Amino acid sequence: MIILIQCKDQVGLVTSISGILVQQQLNIVSMNEHVDKAQDRFYMRLEVEPLVDVAALEAKIKSVLPEDAVIAINQQLQKKIVVLVTKEYHCLADILIRNFFGTLGASVLGVIGNYTNLQNICERFDVPFYPVLYSPSILNEEPEEQIAAIIRQLGPDYIVLAKFMRILSPGFVAKFPKQLINIHHSFLPAFVGASPYRQAFERGVKLIGATAHFVTNELDEGPIITQQIIPVNHSHTAADMMKAGQEIETSVLAKALQLVFDDRVFVYKNKTVVFE
Amino acid sequence: MIILIQCKDQVGLVTSISGILVQQQLNIVSMNEHVDKAQDRFYMRLEVEPLVDVAALEAKIKSVLPEDAVIAINQQLQKKIVVLVTKEYHCLADILIRNFFGTLGASVLGVIGNYTNLQNICERFDVPFYPVLYSPSILNEEPEEQIAAIIRQLGPDYIVLAKFMRILSPGFVAKFPKQLINIHHSFLPAFVGASPYRQAFERGVKLIGATAHFVTNELDEGPIITQQIIPVNHSHTAADMMKAGQEIETSVLAKALQLVFDDRVFVYKNKTVVFE
Amino acid sequence: MIILIQCKDQVGLVTSISGILVQQQLNIVSMNEHVDKAQDRFYMRLEVEPLVDVAALEAKIKSVLPEDAVIAINQQLQKKIVVLVTKEYHCLADILIRNFFGTLGASVLGVIGNYTNLQNICERFDVPFYPVLYSPSILNEEPEEQIAAIIRQLGPDYIVLAKFMRILSPGFVAKFPKQLINIHHSFLPAFVGASPYRQAFERGVKLIGATAHFVTNELDEGPIITQQIIPVNHSHTAADMMKAGQEIETSVLAKALQLVFDDRVFVYKNKTVVFE
Amino acid sequence: MIILIQCKDQVGLVTSISGILVQQQLNIVSMNEHVDKAQDRFYMRLEVEPLVDVAALEAKIKSVLPEDAVIAINQQLQKKIVVLVTKEYHCLADILIRNFFGTLGASVLGVIGNYTNLQNICERFDVPFYPVLYSPSILNEEPEEQIAAIIRQLGPDYIVLAKFMRILSPGFVAKFPKQLINIHHSFLPAFVGASPYRQAFERGVKLIGATAHFVTNELDEGPIITQQIIPVNHSHTAADMMKAGQEIETSVLAKALQLVFDDRVFVYKNKTVVFE
């Protein structure tokens, strides 16, 4: 059983919380704790055993915490996700494979694509594919409404933008707070926006990267979950950088999802606390 | 104030320990906890404030722990070290520089060398240099006795083997348990023993590494503190590998010393628990 | 068109070779050259355009090289591979995905498994699966003969051991020199042989790795193509290390195959020259 | 003897150049070649032996190259440098240590500081220190003139800005084209300008980096030589990031200087070609 606690910091929190656990005869298997002094904020992740009644435990823990406390108690049920894609296969295929072999830590309820070329791979894995085609205009409320409707119907915990190359409107993002996870194809905050590999090539950088982050309404400004880089050099064209970058995008998104599905990521304002 | 606790695991340890801290009106600034289920062993590192009487606090904590508990309470006094060297300058120079600028987290009481070529750099930093020359025979009790005598006189917390290229006898090692820190010029357990860069070159590896570890009487088998690697390729001669390796040796030893001096490393049997 | 040359080193080789290219009105798009002074050996990889008659060009180049020269001229036809697997899916699935989307740089002719649990994933990608079950005895000539027969029938350029957990006999290995590529689940030469993650856990290392190499008859001693590592710590059980290691195994094997299929790897004795 | 060639690309360059070398009875020890198709530009680095008359060789090579060709033939004489610093010691100390032990690949002619706190360390290594104090105003032509005068008098090949925290005027930069090497304390182009660690902390990035680059008049926009990163997490304050960053700054600058002093770096427009 995993317990996540986030609240204003105050003296004695660890004792109060662990006191409740002992009283309930719960054993602490692992514990992570962080106090963010700049924000005066307390974060804790606990793995305890055995399983007990969640509601009762939550009420007891809540009784010893500050009023603003956010508690989540998770009985390690599998998360549910919907994946949004455009044309690139690499992140989606990695998710489908792990989903198929039961190692994703989540189950894929469906894939929504604004092109149809990834329908085939979804069908091969018996995962429903929902095409939602955009017309040429970049502002396009109708498809967003369709996407939102499909998501609502499927009811996922998280929506994974696995190289979804459309900017989502503030209205859409507001509907799914802390649920949208994106993979951005650069080492943010370098190369915000379109064509980051082209930008990286033009700048002549010696490392390129990828960033998995929660989506907020500031473009590429949401809380970062994880980032990785790979070396490049003068022999890489922009196309070579894109190809090399796709490997790291796949890897970074997989890592981020694992952390999120494992209940290791807290979000507060534009930052995360990640207990690896 | 840093509190380190290591003992047999049992239910309720976190509560008992944090209960004492609250009772003493100590605030927990940071806490790391690990339970090694394979060994049934509990580790905790706490930073608390404000400073209080150490002996009284230690007694109180001890009263709630299993009998085998090892407790260390550290008021962040600087550690003291002695450095052993042979001919290579890179690790020693890095230590001397940090010592000089007050960023080592320890003070260098003296340097013992089995050659004299590093005496000059020590003198430039006003650090005493003690030459202890070995005669050609590899088994040589006399210099070890001299080294031990110098160490005893200086009274360091740790003895750092900064590329000391003589194997120390079991008798010597036994005198300084958990105090001897070595930098080995390979990614252990690959390339144990002499000439690891030559071995790495012959094997055609694509990465070389370095390992900082506590010294025990099994050659290159002591508890590992930290390791790093760098890529190499076919264009590296054994000499190039050695040169590239020296950079990583310096970096690994510096990292390991920072962790140890910061009271972040626990040793149990042939392993470490490192709270980074 | 890619030209690979390997021979005894001598003065003037670059001039002689490039002279032939100019004479044939071939433009050098890229060139890599390496002289291994320890072995007195010359390696060159050339990308030239436009396409010309291969046999004639090879004869001309051969005429200016030492007698021992090995030349390969490759018109960038796709390589053909057979994959051998046991139970773990991660490396195979990565290969199947790339194969399906046409980015592998090779086509998968078939998969041979000594268990049947990966048959399903092969069928989903319309790739023939050949079960060759071993009986309990570890020395088992019959299945090896079956495997060899299937390989011979399919006629691949390379045979990829994508977590094939049976040791192949010297007789088998001798049939496919420089064609067998293995992924070993450790940072060789550390943890040769069985259960490397268990070994790594017992040793308390702080990095684990994976190694892609050509197979020879010395167990885990073949020429290394590429290696990578990831950090681990005290919180990783042996099972956690295995799980983390599988990510890096997938990545290392993918990288090695890309290098081999791209004609960037030369083998000589127990080493490789890799022009990245 | 190292030969560097940069020119417009054209067919047959390799043959022409290597033809000259054979004619002069020079043996090619190593060769790197790159054609930048986007810029239609040819780069070559050759190590040849034995030493011959440089002027005659240069004339001969020039005769087979396009008119715009830039050739440098270097007899592996040691480079000469001047170092500019402010208050931070880490990059300077690393340079002084390597200089002292003869492994820098260059000799340090002098250090210019806009504070005096690094005078002592220079004196300990018998390296002249030139204090050039700035008055509070940020635009300050007088000290720049002093700095330029000292540099001119010392006559270095390169000027290394080893954490020199003043922005140099366009007029100053124009005096030393392709001679000014800077270490910037971020993974450029992320966090251009002042306080990059503070910026990185505010953004909540999971990696921080450092960039060594040639200085041009676009702030932090000069050609990048090399970059590296290290992971950080929520537990790092801005001060922790700065401390961790200093390790990587030292390492990146050391690497960049090694590449430059080893004649492995070509500059063209705002990019570099680096033959590692």
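As written, the chains take the letters A, B, C and D, and residue 1 is the first residue of each chain.
Just so we're on the same page, a contact is a pair of C-beta atoms (placed from the backbone, for glycine too) under 8 Å apart; a residue touches a chain by one contact, two chains touch by 3 or more.
This is a predicted model, so every value here is computed, not measured.
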Chain pair showing more contacts of the two, A-C and B-C: B-C
Provide the C-alpha centroid distance between chain B and chain C, rounded to the nearest whole angstrom. 40
How many angstrom between the C-alpha centroids of chain C and chain A? 35
So chain D residues touching two or more other chains come to 30, 34, 235
Can the chain contact pattern be summarised as a line, a ring, a star, a complete graph, or none of these (other)? complete
Residue ranges of chain C touching chain A (in the complex, touch as defined): 30, 89, 93-94, 97, 100-101, 121, 124-125, 235, 247, 251, 254
Taking the complex as given, what residues does chain A use to touch chain D? 34, 36-38, 187-191, 203-207, 209, 223-229, 233-235, 237, 270-274, 276
The answer for chain A against chain B in the complex is residues 11-12, 14-15, 18-19, 21-22, 27-31, 33-35
